[in-house]
Structure formats: structure tokens, C-alpha cells
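You will see subunit A twice below: alongside subunit B first, and alongside subunit C after that.
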Partner chain A sequence: MKTLKRRFVGAVLLALGAVFAAGAAWAATPKDVLVVGVSSDPSTLDPAVTIDNFDMREIFPVYDRLVQYKVVNGLGTTAVEPMAAESWFASQDGLTWTFKLKPGITFSDQTPLDADAVKYSIDRMMAIKMGPAGNFDSLDSVTVIDPLTVRFNLKHPFAPFLQVLATNGGSIVNPKTAKKAKGDDLAQGWLAQNMDGSGPYRLKEWLLGERLVLEARPGYWGPAPALKQIIIRIMREPSDRRLALEKGDIDITESILVDQLPQLEKNPAVRIGRYDGQFVEYVYLNNTRAPLNDKRVRQALSYAVDYRGLIDHVLQGYGAQMRGPVPSGMWGHNPKAFQYKRDVAKAKELLKEAGYGNGLTLTLIYSERRATWEQIATLLQSNFAEIGVDLKLEMMANPALRDRVANKNYELCLGAWSPDFGDPYMFANLWFDSQYGGMPGNRSYYSNPEVDQKLRRAAEAGDADERLKLYTEVQDTVIEEAPYIYLYQLKAIVPMRKEVEGFVFNPLLESMYNFATMRKR
Partner chain B sequence: MSLMEFVFRRLAAMIPVVIGVTLCMFLISHAIAGDPAIMIAGPRASAETLETIRRTHGLDQPLYKQYFRYLSDISRGYLGESIRNRRPVLQDLKVFFPATLELTLASMLFCLLLGLPLGVLAAVRRNRLADHLTRLFSVIGVSTPVFWLGLMLLLLFYRHLDILPGSGRISVQFAAPSAVTGLYLVDALLDGDLGLFRDAARHILLPAFCLSYVYLAIITRIVRSSLIDSLEQDYIVTARANGLPEWRVVGLHAFKNSLIPTITIVGLSFGELLGGAILTETIFNWPGMGKYVVDSANYLDYPAIMAVALVSSLAYVLLNLLVDVFYALVNPQIRY
Partner chain C sequence: MPWSIRKSGIDGRKAWPVPGSALWLLLRNPSAVAGGGIVLFMALMAVLAPWLAPYDPNALNLAARLQAPSLAHWFGTDEMGRDLLSRVVFGARVSLVIGLVVIILAGGLGTLAGASAGYLGGRFDNVVMRVMDVILSFPSLVLAMALAAALGPSLKNAILAVAFTQVPKFARLARGEALNIRERLFIKAARVSGFSAPWIITRHVIPNCLATIMVLATLTVGETILVAASLSFIGLGAQPPTPEWGAIISVGRKFLLDQWWYPTFPGLFIVLTVVGYNILGDALRDVFDPRLRGGRL
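After this line comes the complex of A and B, so read on.
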């Protein structure tokens, strides 16, 4: 009896010892493996379906597009350069774009990336009609001219068309994936969980909720990447990601809370990259509703906000006040444009002129989508109180909020926006053209026929100078008429281990990485 | 009524329970404002696209039709396709449910291996140091917020002492075991991969303890008080008077009779935990049902939400049944 008991205790101790003994863990991740800590699984890997950067993070390294964003002096720009395309030209009237493809690009099964592959991918994306197709409104059809020449026929001239081809909707998928279709799903079921592209990486495994692994793809047409394996670790909790980064279990982490940065910065093994992003946050003012249909009231609200305090205290300095809709870093941004500054006296005067000298009550809706919004809403409430506006706050789930905005059923609403492609179209046409009223972009339901006309001309004009002039004029108008309160554009923060080199930040590709040209020291 | 008959009756009674649960869940989740079609297609999708999505997912049908279609689907074992990621919901559950089950089993093991002896110790050494310490331990357990405890455990064992791995189910350099049961510990053993087993065991220690602590504390207290009750019964006095050794008095006679409330608590906690522990799963990055249901709720992914509700209510009902059966096994006086 006694020996049995002893043996049992011994076995338990031995088992515990074996479990606790350290050893198997990596001291640091190997040199050719990059581990990125992210907050959630991609929802789909299908480039024709998603417009979410968290999905594109995996999609972009696997698929080629005709063009890609140019890197200048180690910084990503919004200009494009050839990727799978060798050259291109647009017709005089801007209605056709013809691309010559690089020869010799193949998918993993040796299927060539040719004009048929391009046509298959674009046609498929257009047929699926999800988010990515939204950027291709102007596209009418794709024609195969010869194996290495493909032509895009537009319904009307669309100046940023080249930019659009650099978005994930322009990703070129192996045409053989058509065989994976189930019924009429256009292989959406298969491509949501698998990838088949001609890029530097391919999908090795995806353990839902745990990790997704990309590996360097043999036979890639470009230079072989230094990082042979990319492990995307799904780590929901920011403090967990921070711990793992400091310990060296991961090399890069995304979405760290700003209040954790000072502490993190003290760690000599970690470098915090700060970049000028184009992610903006702003307040939609429902222009169809009294009293917000009165320009003076909207201006008064714009004057009431303490922009400085907001950026310094809520964002801890990681942001800059917007100067009109087009953010700095995007061409078309006007550094001389008018900018609202906090001016309580002026705001009160404007309200009085508009007949609200005795104050008024408004309601701001916002969701839990961004951690800072609660604080921002409270700050706006106290700012507005000073000019006699009683701001009621109403927080709700994001789907409910979208519903309210889509149905014009709100007064003020906190919102965020980031561009899909590098053109002021993303901030000007979508925000102010009355044809995009509601969730598509013009969320304050602003309507000004003159602005509509100018914006439509700017979208079609081939001449860059003319476009710039039109966008500058429009911006002056919409700053003056204040259909939104332009708050700030955020700085992007990318904490990584010091040994990671070659990361290129691109404001259009936030939360995404140029794995193929990164390396570790 | 024999035990078998009792079990069958209870199983049959589950059908209305399940229908009730699905109906409630269905109504609640559809009462939330918000259009899943917009969540799928993105805010800039055209009205035409939204219409297509509503049609393909049957969202344009009247609610009662959607519900009946759902009932007929689940009766055929089809849980629908996720609105969010287009995967069959069943496929997702096959990944997330075993993770939660494994964590729950491990934390129940903690509860029993620590909770029972501690409870017994406290009862036997009533009002002495061991009892006070045990009570302190359980008061801390009941009153410590899980997210705080989890973070502290990580800080201590992962960051400072460096003897346990961080979050997740296995380290990144290990490939997942072949998916036989979905329980990594079991699958690793089936694969004969001891290194992986060890890694998985090291990963599950902290979250399992964290998850178990509250229940552990409750179980300790329940065992203590019911054992104290039993120890005051006449038959114990008789047993002692007959000169039985103390360990037999406590271990066999008193303990067995104090088990009924303990089984109740263990069973109910087990059922509760199978629905997924959102906080623990989040902090330790455990890919279980809790995480899954939160993600699904954010997208108004009805099929996924419904499936989680269905599975966790089924688990709850089944465990209740199991508890009743155990009563009979422990106490032969209980008959159905």
C-alpha cells in the first residue's frame, strides 16, 4: 500500500517536473521566420470579397496585382509602379487601358499568369459584387488581346483607375480555381480559406483562432524573400501581444494601446515605428435635419471643438488635426486650407445668428468600435456645453449604428475612414457627392449641385493639374460649409523587435507588411 | 422506474427544451437592430448587392419562415453557413468546441484535485490554521476578477519567472496534432508526440487554473460545509464509537454523504464553462467558444450565434442529466 502510494506521488511529481521544465521554447524566433502578433483571424482570404486590411495582410503577399505602390527612400507612396504588368497605356479619351504583362510569371501549378488569368480574376470580382468591386464602378469589361496583353474598357473615364488596380480587388487569382466552384459560388467557399496566387508566399496552414502560416513559394518570379516563413499569431489581448513582443516570442505586434507605449519604449530590444497615416476620424453631421441643415450651426460646432486637447490627451499626441477632408500625405491635400480652431465666442455668435442663442440639444451616436471613442464623445460633450449645446451621448453596437446612419436616423455620429486607393477621390467624391449619400461615403447626406458637378469632372479628367484645381476648390467649399467636423488623422504605430529590418510603411496599407522585402538581422 | 427509463425520459424531454432555446435565441438575435448584409458586403456595397446577399442567406424571408427553415436544417444536422466567413458553422465548431472542452476538463481537474482535498482538510481541521488558510484561499478565489488574475499569472510565470509559455494552445514551432478528438493533449498522445504533449500541457496550466479558481473556491467551501454537516451526524458518532480509524470515518462514511451538493456544483459549473469562458479565453488567447461567440456577435452572424447557443444549452442539459444519474450512483437511496 505504502509503496504504491509513494510510486503514485513520484509519478505525479515526475509528470509535473516534465511539464514545468523549460526547454522546448525558442529563445528568440529564428532569423528566417517572422512572427507577427495580430488581434483576430482574417475573416476571408478571398481578394474579391474583402475590403478589410486584416484580410489583405495575408492576401497581398500571396497574390500579384498588375501594379503596386512605389517605395521611395524606404517610405511607401501612393504612386504606382509595375508589378505583374510590364507597361501600359491609356487611350486619349481615357476609356481604355491596355496592359502588357511580364512574361514567365506562373502560379504554383505552372499555370501562366496571362491575360486570361487577369480577365478571370477581374470578371470574378465584378460578378461577386462585394466591397472590392465598389472601387471598380467605372469598369465595363476586360478583353484579352493576346496571351500577354489585356485591355480594360471603361464606361466613362476614371482618373484614378490605375490606383484602383493596386487594391486587393485587382489581385490575380489562378484561373484553375474555377474548378473549385460549388454551384454558382464562383469558388468563394474554397478561396475564403485557401489562396492560389503567383506572389512570393503561399498559405501553409491556418489554425483557426491560433495562427496562420505563410511560406516562401518556390518558383516565385521575383527575388527570393529572406524570410522563409511568416507566422501570423492570433492574439486577441493587447497586453498579451505586448508581453510576447518584449519576450521576443513575436517580432511585430499590431494595435498596441497608446497608454502602453511609454513603458514599451523603455525596452531596448523594441523599436516603435511611428508613421503618418491616412486613417482619419471625424463627426458626421446629418445635413438633412434641423438644426444641422443650417450651415451656421455646423460651423459653430466646428469652432467649439478643442482639437488640441483631444489630440494631446485622448490620443496622447498620436495624431494631427485635419485640414479639410483630404489628409496630409495624399496628393490634393491643401496645406493652406482653412482650419477651424477652438473659438467659443465665435461659435456662440454663430449659434445666436442661427436663432439658437438660448442653446439647443443634440444627440451624438457612436459605437464601441474604437477604444478612444468613449473619451472623445465625453470631450465633445463638455466642449459643446460651453457654447450652450447640450450633447446627449448614445453608444450602440456597430451594426446598429450603421443602420441608423443608413436610414438618416441620427444627428451627430462619430466615424472613421481610411482610403482604399491613393487618390483624393476617396475623401472628396465619396464624402461629398450626393450620389453616395449614406454608408457608401456621404454619411452626412451633404448635397451641393455645384460640388457634385466639380467632383464628377475631377473623377473623369485626365489632366492632373485640372483635377488638383477642382479638388482644391471643392475643399474650400466643404470646409466652409462644414458638413462634417474634421477631427484628426491618426499616426500609425508599429512596435517591432530591433532586429527586424526593411519594413516599409504605406498609409494605404495599414496593418499590412512587405514581408518579401523584410529581413532580420 | 429504472435508471435507464429515467435517462430516456429525460432525453426525450430535451427536445422541447432545445426548441425553446432556439426560439428564444432566434428572436433575441433577430431583434437586434442592424443589417448583416451590410456587415458582409461592406459599407460601400450597392443596394443590389445587399439584396443578393439577403436573398442567398434567406434574410429577406419573414421571420417565422427563417425560423422553420432553421429548425429543419438543424434536425438534419446542418447548422448553416457563417455569414461572416462563409465557412460551414459546424466546421468552425469542430475547432472551437474541443478547445473549450479541453480547457473545461483541465480546469475541472484542478477543481477536483485541489478543491476536494482542501475542503476535506478545512472541515477536519475546522477553525484551525489550515481551515483559516483554506477559507482565505477561497475568499480570494471568489472575489478576484478573472482578467486581473489571468494577467498576473502571465506576468509572473511567463514574463518574470519564465517557466511557462505565454498564451495560446501550443508554441508556434510545433505543428498541431492530427485532429482526432480536437483535444490537443489527447491527440498529441495518440500521435505519440511527447514533446507536443508537454508543450500543450504547459500551455493549458495557467488558463485552466485561472478558469477553475472561482469554481475551486466554491467547491472547497461546499465540501467543507457539507462535510462538517455529515461529521455531526449520529452515524459518525457510532462509527467513531466502534473504533473505526479516523481516515475511514471521514474518507468513507462522511465524505461520500457530503458529495451530493458537490456533484451538483461541479456539474453546473461544467455546463456553464462549456459555453466558453470569454475573459479567460481572451487573456490566454485560447481559441474556444467564448472568443468565437464574441466575434460572431460583432458581425451579427446569426447562424454562428445560434449554433453556440444550441451547443452550450445541449451541454448544460446533458450535464444536468449526468448529475442526476450520479446522485443515484452515490446515494443508493435515491431512486427515480
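After this line comes the complex of A and C, so read on.
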């Protein structure tokens, strides 16, 4: 009995300790330090590799790009303004874009940000051929005209090209990083964990699973930021993040369960920003694997989902069912497109036709990245059970999940997507063109030559009407063929302390913050 | 307790349980009664779950999400509107199955290995017991986690993993007993009469260590349920929608701040079950292990 008693006393002490630790209210964070509570570590810090907003959140404040999205009246827009570029002009045929750079921009080691640096960064990104390069398909080559003039030569006119330069693929990396290359990895190994840019911040430390710290970079060419230090704290539990926000341990958080918002809102120190975003969540169906390579099975799954219950209850109304891939608020969205509605009988019939009348077993993988995913997964499991599909759920860490998707090693996977620039290209070309199979965007590995052809034409066409027509046709096809289950478009919810000011929401910069122009009262 | 013995003796009536018998001793032991009561209660709950649970434990009702405990839902509802009382009641089933299967697997294998090692001695004894030492050198939860992760997350694999970590306990105990029994006269008689070692081990050695093994088994059930719940909590055990207590807490912890009832009730049931088995096990030891009777470990 003695050991039992000792164990019990130990447990009580431990519990008390936990209560005190949680209850101790720390003083609010210092005025020039901003603490952000996030759900997971970045997967890489290399702007040429990632298209994950959680990574871009750290990349954007460290690297400059030629242009950036303009802020008008405190609101983010899709129009661009100069960043590292001073001015630019496009040729009449839209095939060459020439940029004049701002003089005097330097990296931390005094290397100037010049035409060579731009060429190095873009060439490197194109050579790595990962997600970011998907935005730059129209690019043929980059030429250095003189130290402060650089020219982009396109293969074909590409309407949103200027906006593409504002995405993370356009980040300008110190050319000296080439020396850090190991073999032919183009310094990917080094740049995945280090950053060397000319932006307002630099990386101070990154303790995996704990925090990532950015500090103001001396010698920054623009106005010195009011926030000297940005601490990104990794807190996997939504309730931890919420508690920390209420206590003032962190200033901003994300991915809070909607069920917690009413209580959170009662705290006078917290403000909840709600914004119309273009953030969508959907299910990747691995189109290369039986039985999901059968259109009827995919349609059956699309018919099985209780979209209504999902949105009204799990999301508490903070979302709307998707109508095809292109979200509402972006041009190219088709308000008349077909929408799957819950229809159990039809779903069963489709499964029977496909030869799975006796049911089948599938596995859904998901991560803790979004607080609601566990509930979505449970709902899908229950919805699918009604049509005779036994859905196994497998939760894993986000990087593991990405590996599985990148290696085609999954059946169903919960995913989220937000646009980098304001063009349906982001939702059509990247999601459905077979050349972007895997992480670049076509995560279902969907392949349809006719769709490929139309998408490529739409990307190259200069005429907006023609593009719209092509995108509308493609959307009709991909809704019918259902390579994904189109779930919902979300409202962005950003809870922060009231003393934080100057945050600008931009649907193109979802989950990212304009640290350099934010401040605390 | 000679006084009571005398009393019932004077009475002359036929008493059941027979005074002085194990059951009689147990029933006179308050902690045995309390522990046994809890264990019996949980077992009944597990067996009668379909009749006791007011709702289908897996039926979603999105319109009734996260409702506080009420007459309709005694333990409240979870984030998918499932009735938590029903889930907790069905969870008793899962826990009972885990406990029993692990004990049968680990107890069976451990006893067989330990008794053989003790009886045969020599190199066999050495090899078996060193393997057991290696297993014992890992903290059981860590080893179970590693195994469950390697086998892939599922309830079946979690049970196998937990069972594996519990084998050495039984093996060591059985070996100690076997060393003792081996020297007894009836064993020597059997050996001289030409009975084979396997026959002697299964017919004589194992039955004679069964009492102590039962005590250990009862004590182990509690730990087993706790480890299995921990595995489910970290996603390596029961997979959704199985209403396993650890798994319910795992999801429910996200709601602890505003919906306290969600992780609280399954948590209470884990505590109750583990405490129940532990007290019962302690009491059984007091009764069955004469060397410890009256004393404490």
C-alpha cells in the first residue's frame, strides 16, 4: 500500500502544480514584442520550396519581394505596389517585364540586393521546381540588364504575372547563400532552417515544437518596425492558445474552436476579427488508387456528406458550402455551378453501380492543423457509414501528412487552400492540371488531358472573357468528376489582444501578419 | 478472527460462505468488498451496456452539440451531439475487454514461461529471464507506445503492446513460485514416476502458483486499463468512433474550458475502475498470500 500511497501523493502534487502553472497570470508581453500562438511548426523556411501559409508567415517578414499587395484604408487588396522594385514596365505584347530596383537595399552581410540577386533567387526557385514554381509557369528566363535593372521574359502573356511576383516564390534570397549548397541541393538544406533576406526581420532562433523568434534587422532600408521581436509560439492545443490569449501570454492566435468564441468574446481584453476570406477546406481523394479512381465512387462520397449540418453546427455558420473549386469573392466563381447535396439513396446507388454495393473500407488522414478537423473527420465517418463506407481515421503530424500526400500514399486527406494571388489560376490550374500532381496543388493526382489543355489555354490567354469561359467549362467538368469533395469556404477568425493595432487582413495572405507595420498600444 | 469462528461454530447452523474460507475472509475485508463492488459494477455495466445506455453511443445529433448535463443527457453531449453517458457506458465494455484480454495473454504467456523457467532451470531459465529483464528495463508505457506505434494505431495492436509489457511481471512471479514447488515431494514423486516435464509443469507447477498469479492479475488489470487509455489518448489505441474512455478524453480536453463535463466523466470512470481493481487486488493479496497476511508491502 505504501507505493500506492506515495504514487497518489505524487499525482496530487503534480495536479496542483499544473493548476498553479496554468493559473499564474504572467504580465502582458512587452510593448515591442509580439507573441503569436500558432498550432504547428513551419515545415520549411525556404521560400522556393513551400506554398504553406504557415511557412510564409515566417518567410514574408524576412524576405523582400519586388512588389507587394497594396493596403487601402486598412484593408488588403489584390493590387500590387512597389517593394524592392522602384518601377516597372511591361512590353506591349505582355512578354517582357522590366523592373528597376530601389538602390541601397542590402542583405545582412552588406551584399546588395541587385539584379543578380533577383536572378539568382528566381532561377533557384525555378530549378527547385517545387510548389512556388507552379505560379511561375509562364516564365521563360530572367535577364540582368544592369545592376539595378532586371527583365523577366515570358513564354506567353500571363495576366496575373505582376501578382505572382508578390507571392513567396518571388522572395529575394541573398545570392551568397549559394555557398551553403551541399552537393546539388541549391542550399535547400540550409535555407530550410535559416533565412537570409533583406526584409525588416531576421531569424533569431527556432526551437522545434516550442518557438520561432524573429528580431528586427539592423540596416533595414524601410522604416524601422515598432515591434522589435516577434515570437511565434507553437501551441498545439486550441484551448492552450485561447487560455494564453486571455491571460495575455500571447497577443494573437488562430484556429480557435468556434464553440469557444462566445466565451472568449466576453473577455474585454480580447477582440475577435472576422473577415471574409477565400480560404477553403476540402477532401483530397487519391484519384490514382482504386476504388477512388472510379468517378462514381468519388461522386457517391460527395453525395454522402451532410454539408448543411457541417456548416450550421460544426462551423456555427462561419462558412458556406463551396460551389466548385473557385471560391466566392474571386473572379471566375460561378454562382450557378452544380453543388452536391446530401443524397444517401443516390450515393448508395452510385456505389452499387461501381460494384461496391456491399460496402468498402477507406482511410482518411488528417492533422491537428485546424481545430475543427477532428470533428469534420468524425462527421465524414458517420456520413460515409450511412452509405456503407467504413471510414478509418488516422490523425498525424502535419509534416507526416504532407509526406504521405507527396508520395501518393493515402486514400482520403483533409486539406485547406487559400490563394496567393487573386486569380482563378490558383484554384483551377494548380488543383487540376496533371503537371502539378502532389504538393504543388493537384493533391488528388487528377488527370484529364482535356482539362489540362483548357487550363493551359486559360493561363495563356490574354482575353478575360475567353479565360472566364474556359474556367467555367473546366469547373463544370471537375465538379462532375469530383476529384475532391468540395466542403466549404471559411470566414477568417483572428482573435487578438485589444492593444494590438494595425493588423491588415488580406485573403491572399491568409494566416499571415504584417508584423512590420503592426504595433501595440 | 477466532472469536467469529467460535461463534458460528456454536451456532451450529450451516454458514455460507464457510467460515475461514477465502471468500469468507474477503467478505469480512472492507476494502475487498469496496473494490469488488466497483469491479462488479463496471463488469455489469459493460455486459448490460446496450440496455443501460439511453442512446446509440455513435449516433450523431448535430443539433444537440456540447449540451451541459441534463435529465435528457446525464453526462451532457460531445461536440458531435453524441450522448456522453452512453459513450461512457459502452466505454466500460472496451476497458473490460482490454483488461481481460491483456491478462489472459500476458498472464498466460508469462506464467507458462516463468513456470517452465523455474522448473527447468539452467540455460533455459537464464535465457528466458534475461529476455524478461530486458523487457522490464523499459518503462511499460514507453515500451507500449513504441510497440503500438510500430504495429500501427488500432485497439488490437494496443492490446498486444500492453500485453507484451506485462508478460515479465507474471514470468518473474511464476518462476519464483516454481522454484519453490519444484523441491516439493509430490513433484519429485511425479518426476520419479516418469512424467515428462511439460506434463509436470502444466499439471502441477502452474496450478500451484495460480493463487498468487490471480492476485497479480487483479492488480495488473488496473494498470492495464490505464496504459491502454493513455495509448488511446495519444491516438495509438482505440480509433474513432470507438467510445474508449482515453479516446473520449483526448478529444474532450479541447473543450475542458467551457464544457467541463466532456472529459470529466470518462476521466472519473477511469479513476474509479483503476482504484477498484487496485483495492481488490490488495485485498486479494492480503487473503491469498499467507506470507503477507496482516502485513503490508
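Operating definition for what follows: the second predicted complex is superposed on the first by the 301 of 521 C-alpha atoms of A that agree within 3 Å, B and C clash if a C-alpha of one lies under 4 Å from a C-alpha of the other, contacts with A are read in each partner's own complex, and residues count from 1 in each chain.
The working rule: a residue touches a chain if its C-beta (ideal position, glycine included) is under 8 Å from a C-beta of that chain, and two chains touch if they have at least 3 such contacts.
What you see is a predicted model, and the numbers here were worked out from it, not measured in a lab.
Q: Go through the superposed model and pick first if A:His313 touches only subunit B, second if only subunit C, both, or neither.
A: So A:His313 only meets subunit C here.
Q: Could you tell me if A:Met125 is touching subunit B, subunit C, both of them or neither one (first, second, both, neither)?
A: In the superposition, A:Met125 contacts neither subunit B nor subunit C.
Q: Which holds for A:Leu362: it touches subunit B only (first), subunit C only (second), both, or neither?
A: neither
Q: Looking at the overlay, what does A:Thr44 touch: subunit B (first), subunit C (second), both, or neither?
A: A:Thr44 sits against subunit B, while subunit C stays out of touch.
Q: Please indicate which partner A:Pro238 is in contact with in the superposed arrangement: first for subunit B, second for subunit C, both, or neither.
A: A:Pro238 contacts subunit C only, not subunit B.
Q: Please determine whether it is subunit B or subunit C that touches the greater number of subunit A residues.
A: Looking at subunit B versus subunit C, the one contacting more residues of subunit A is B.
Q: Have a look at where A:Ile376 lands relative to subunit B and subunit C in the superposition and call it first, second, both or neither.
A: neither
Q: Give one of first, second, both or neither to describe whether A:Val283 is in contact with subunit B, with subunit C, with both, or with none.
A: Neither subunit B nor subunit C is touched by A:Val283.
Q: Take the contacts of subunit A with subunit B and those with subunit C, and give the residues found in both.
A: The answer is residues 237, 239, 243 of subunit A.
Q: Mind pulling up the subunit B residues that touch subunit A in the complex?
A: 32-36, 38-46, 48-49, 52, 84-87, 92, 95-96, 99, 151, 154-155, 158-159, 162-176, 195, 198-199, 201-202, 205, 282-285, 287-288, 291-292, 295, 298-300
Q: Using the touch rule from the top, collect the residues of subunit C that touch subunit A in their complex.
A: 58, 60, 62-63, 65-66, 79-81, 153, 235, 239-241, 251, 253-259, 278, 282, 296-297
Q: Which positions of subunit A touch subunit B when the two form their complex?
A: Per the stated touch rule, the residues are 18-20, 22, 24-26, 29, 35, 40-41, 43-44, 51, 129-131, 133-134, 188-189, 192-193, 205, 207-211, 231, 233-237, 239-240, 243-244, 246-247, 249, 396-400, 402-404, 406, 430, 439-441.
Q: If you look only at subunit A, which of its residues touch subunit C in the complex?
A: Those in contact with subunit C are residues 1-4, 237-239, 242-243, 257, 259-260, 263, 306, 309-310, 312-314, 371, 374-375, 377-379, 381-382, 392-395.
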